[in-house]
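By letter and in written order, the chains are A, B and C; residue numbering begins at 1 in each of them.
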Amino acid sequence: MPVYRCSIPQGLLTDDQKQQIALEITDIHCGLTNGTPRKFVHVTYEEVAPGATYVGGERSTASKTIGLIRTGRPQETRSELVRQLTDMWARISGQDKADILVALQEVRPRDAMEWGELLPEDGVEAAWIDEHGLTNAGVSAT
Amino acid sequence: MPVYRCSIPQGLLTDDQKQQIALEITDIHCGLTNGTPRKFVHVTYEEVAPGATYVGGERSTASKTIGLIRTGRPQETRSELVRQLTDMWARISGQDKADILVALQEVRPRDAMEWGELLPEDGVEAAWIDEHGLTNAGVSAT
Amino acid sequence: MPVYRCSIPQGLLTDDQKQQIALEITDIHCGLTNGTPRKFVHVTYEEVAPGATYVGGERSTASKTIGLIRTGRPQETRSELVRQLTDMWARISGQDKADILVALQEVRPRDAMEWGELLPEDGVEAAWIDEHGLTNAGVSAT
């Protein structure tokens, strides 16, 4: 975690754009949550055919990114996350902001397991990351 | 938001039925949440192949609709939403209610961005909608 | 409910493995939540193409299982669920635990409908199950 799931219209993004957005989601998330190891940031794209998505009952070309983050991030961080993710998405995809939705859901750290470990609670994160050798050192934050 | 994601067996619904259900989800949501602009109601279908979904460990043909709504709707509204959505789904799809699951999750308004704006909190919604010219006026609620 | 949604790399699992994991998810969930009817446990697989999923901005082969369970399960149960699900997934899929993520989200029983009924609250579950003839009697827990 986090896990960002992006529901996009078929053909909206090239593979290069998908990778670039995945990198920038990682940059934004790690930049705002100070200490999240980059290799914890998952991004998955799901392409949706034209007849399979609607808004207001009419066919839609909106992109919907739902992020699953751990509890404990302050409101200011969460609002800034959706703001920066929206701006970045508009810039790379070329979509109008009227067609971009970003929302965050929360999961308690003790309700999630990764790398065979329950996620660390707020406050013990640094020690946990250190213990598991998961610092960002040596990983360029492009 | 809201975003309704419908996981359905491959071939269950025609394109017309998908559009009709999307319209009725919009009608039901806006009818019960008094003031939600229709163009905020997203519906996405995901078709699942026979070997890819199970219930009790056996192959399943159930439909599962998970709605992401904003916090602040009263319990009575939320229960009525899942009740009306279930009834509508049974009527249009022809599925037995034993094969229909509907569930709601909540997202805080300040954790979501659409149209380039954080979603409005409870109580300031009407002013927000007015300010952004998103009233339902002129949009027929078929 | 519960609904377990498994996002997996394309080709990771055979149909037999998918069914086996669905069975074991059912066993684990029912074993730890004492009283959940087996026919309430949904499992859906979503196969993701190589260029469609990333971790830390690089292509990923991780599996991500997100479970939607009802509120009211104690923390100990929830942590034990993700622990046993991770162990089982590693054993059947052969994936390294560094490539396995399991997380749980909660839904209030009155926010969900299945079999045409709102889900039962904690404490009245047994009576509800009995009333609807949904005991596990006669269903082998393989």
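Throughout what follows, contacts are C-beta pairs under 8 Å (C-beta built on N, C-alpha and C of every residue); 3 or more make two chains touch, one makes a residue touch a chain.
For clarity, every value in this text was computed on a predicted model and none was experimentally measured.
Novice: I want to confirm something about chain A and chain C. Since they are copies of the same sequence, is their interface symmetric in residue numbering (over half shared, so same) or not (under half, so different)?
Specialist: different
Novice: As a multiple of 5 degrees, what angle does the CA superposition of chain A onto its copy chain B give?
Specialist: 120
Novice: Between chain A and chain C, tell me the centre distance in angstrom, where each centre is the average of that chain's C-alpha atoms.
Specialist: Inter-chain centre distance comes to 23 Å.
Novice: Considering chain B alone, which of its residues make contact with at least two other chains?
Specialist: If we look for residues of chain B contacting two or more partner chains, we find 46, 105.
Novice: Can you list the chain A residues touching chain C in their complex?
Specialist: 1, 3, 15, 18-19, 22-23, 26-27, 37-47, 68, 105, 107-108, 110-116, 118, 139, 142
Novice: Could you list, by residue number, the parts of chain C that touch chain A in their complex?
Specialist: 7, 46, 48, 51-57, 59-60, 62, 64, 66, 75, 78-79, 82-83, 85-86, 90, 97-98, 100-105
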